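The data blocks that follow each hold one structure.
Shared chain: chain A. Partners: chain B in the first complex, chain C in the second.
Moving on, here comes the complex of A and B:
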């Protein structure tokens, strides 16, 4: 019974924790411009993140060592440094976007200017990362993030033409006014949002925090293979709400308020309040995950003591990195840069950094000296290899498409 | 000498960013299309906000936050468009879109004031005016496409 509860809790937190500011903004933007014609990218991204999260979770469960530690040892310090730099830079950008997202959610709930909230949100995130236990922050924000299921309820309440939605999704039928380069630019952005590198760092480092062993592999797999796809369904429901309400009205999403508008139309004030709570929980939970991931990646590469399961005094350098990252993120946001713009860049740069993150994981997961009988099987290797080609293509296409489409504005 | 020339070139490049641009016809049409689309999006957003507010389905702080965002977004789009020097063949298009952008800015400001003062009786009339303006923007966008 206890094990069943642990599995259920893991799945629920995986669903609630799947969506972050990148998913919220990118899915709603895509829904408002392309309907569900890019839903296939979410499916592709969810399968990809599930493949690599399972792989990195298995590495942690079998070796008992964090990903970056093994990457440095297996591939050498130079390759490890490239991996660290690319992945950490994107995670820091994502951390900035998440803190901005919390401020935007608070602005929607209070009407007080988001920039006023930034110092408070940054301080609150840091206090939680400093004081709260790992399980508490993972479970509390994961479960609160389930408030975003309100988008699924809103979609049902809106009563769309399900056949039309399915047709658009299944045929990838691009709306005629939108040019193909812009379609592909958003495909790359959506892929980057679904497969963002920090999810793998946080997931695998969390395995160390929770002291996974080979016996934890079935529970880990159920979280990944059930929780992530259901989280992906949540992402598609956000896009579908935008497709049903915003696309016909000619509204292109540029703000979090526009993301929430279909929920207000469908469910009124209560639904809107739940959606804003969901925004807050999703961005706060993701801010904790990205903030910790920045500390994890540097500490694991340099061999420092790290994590929430050790006393802060024993992991002083790890906590110093988290504190400095938080200050940097707050300072960047206080320049009055639009957090939504930071989010848009973070998902595209995620796509660029994908090969740096996922190639080393595939190599380590195939190494019998670390993995023994738990090394990758034929299915994991086939899927991993196919996805490496896809992430490489997305990575190479991201910058040219960004320039060609003027960051998706054409 | 080389350093001096490079510095001069860099200064000219920097200063060129401070001068209103003189786009060619295609670039101007592209900018007009994007500006009309942005204005249409914000006009329809504000109309939707007022309608849901009138129906009692919108939270007032959320409406105020979004109205502020829509107003800022429109100001930015309007500023970027009106500072262009249009090609002479596009004078009428420039005047038409500038006028519509001005109307949109005024209406969104009116909407913000009405929501701030909770003057709900004004919402239906404002929604009608916003929808009429959105139709004009949509027609212009259609012609530009």
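Moving on, here comes the complex of A and C:
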């Protein structure tokens, strides 16, 4: 019974924790411009993140070594350092976007200007990272994030032409006014949003915080293989809501309010309130995950003590990094940069950084000296290799497409 | 510990943990000594930016090493004597406590000057 509860809790938090500001904004933007014609990218991204999260989870459970430890050991100190800079920059950008997202959710809920909220949200995130136990923050925000299921309810309530939705999704039928480069630019952005590297750092480091052993592998697998696809379904329902309400009305997503608009149309004020709660929980949870991930990656590269299972004074450098990142994120946002713009950049730069994270995981998951009998089977290796090609293609295409489409504005 | 070891593969860039499993540092470099029989022996593990900088090489590596040397006030990198190493596996495990190897200069500075001053630093997260 206790085990069943742990499995169910893990799956639920994986669903609620899957969606962050990047998924919210990108899915709604794509839905409002391309309908469900890019839904295949979400499916592709979810399978990819599940494949690599399972691999990194298995590496942690068997060897007790988190991702960045392995990155340096396998790629050497130089390539590892380049990798560290790249991944940290992207994760820090995502952290900034998430803190901005919390402020936007609070603005939606209170009608108080979001920039007023930024110092308070940054401080609140830091207090949670300083004082709250790992399980608490993972479970609380994961469960609250389930409020986003309201997008599924709203879609049902809107009563769309399901056959039509399925047709655009299954044939990837691009709406004719949109040019192909823009279509592919958003495909890369959506892929980056689904596969963000911090999810793997956080997932694998979390495995160490929760002291996984080989006996934890079945639970870990059920979280990944059931929770992530359900989280992906939630992402698609956000896109579908936008496709049904915003696309015909010609509304483009420029704010978090427009992401929630279909829910308000379908379910009224109560639905909107639930959606805002979901936004808050999803962005707050993701802010914690990204903030910790910045600290995790640098501490793991340099061999420092890190994590939430020790007193902060015993992981002083780790906590100093987390504190500095939070300050930096708040300062960047206080320049009154648009958090939605930061989010758009963060998902595209995530796509660029993907191969840095995923290649070393694939290498170590195949190393018998680490993995023994738990090393990759044929399925994980086939999928892993195919995804490495896709990830590399997305990474190389990201910048040219970004310039060509003027960040998706054409 | 007298067996032959591939220092490049089995030592460099591995995590060092103490006898309780607490993380100490990375093996940033190794100190070798040539004995009379012509064989190289590992005498110590070197840690910290003072050891990592030269391995990174180039202008950036020099900058890392010289900045560290200025801040630390010495040029010799952190050193963990081979005699305190208990075993070498996926991680390098020490036979002693992390405080006795004393390679924690920056950690201690950060703890005493900044982190310890923040309320709640001495309590386990709840």
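Just so we're on the same page, the second predicted complex is superposed on the first by the 410 of 410 C-alpha atoms of A that agree within 3 Å, B and C clash if a C-alpha of one lies under 4 Å from a C-alpha of the other, contacts with A are read in each partner's own complex, and residues count from 1 in each chain.
Note that a contact is a pair of C-beta atoms (placed from the backbone, for glycine too) under 8 Å apart; a residue touches a chain by one contact, two chains touch by 3 or more.
Keep in mind that this is a model prediction, so the values were computed, not measured.
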Q: With everything superposed onto chain A, say whether chain B and chain C fit together or clash.
A: fit
Q: Classify the contacts of A:302 with the two partner chains as first (chain B alone), second (chain C alone), both, or neither.
A: second
Q. Once the shared chain is lined up, is A:272 touching chain B (first), chain C (second), both, or neither of them?
A. first
Q | First (chain B), second (chain C), both or neither touched by A:40 | A | neither
Q) For the combined three-chain view, what is the angle at the C-alpha centre of chain A formed with the C-alpha centres of chain B and chain C, to the nearest 10°? A) 130
Q. Taking the superposition as given, does A:115 touch the first partner, chain B, the second, chain C, both, or neither?
A. neither
Q: Give one of first, second, both or neither to describe whether A:63 is in contact with chain B, with chain C, with both, or with none.
A: second
(Q) For A:72 in the superposed arrangement: first (chain B), second (chain C), both or neither? (A) second
Q: Enter the shortest inter-chain Cα distance between chain B and chain C once the structures share a common frame, rounded to whole Å.
A: 25
(Q) Taking the stated contact definition, name every residue in chain A that is touched by chain B in one complex and by chain C in the other, in rising order. (A) none
Q | Residue numbers on chain A that touch chain C, as the complex places them | A | 63-65, 69, 72-73, 76-78, 80-81, 130-134, 136, 301-306, 308-314, 316-317, 319-320, 369-370
Q: Using the touch rule from the top, collect the residues of chain C that touch chain A in their complex.
A: 13-16, 22-26, 28, 47, 52, 55-57, 90-91, 106-108, 110-111, 114-116, 118, 120-126
Q: Quick one: which bits of chain B touch chain A in the complex? Just the residue numbers, please.
A: 30, 34, 37-38, 40-41, 44-45, 48-49, 52, 55-62, 64-66, 68-70, 73, 134, 138, 145
Q: Spell out the part of chain A that touches chain B in their complex, as residue ranges.
A: 107-111, 113-114, 177, 245, 249-252, 254-255, 257-258, 260-261, 264-265, 267-269, 272-273, 276, 409-410
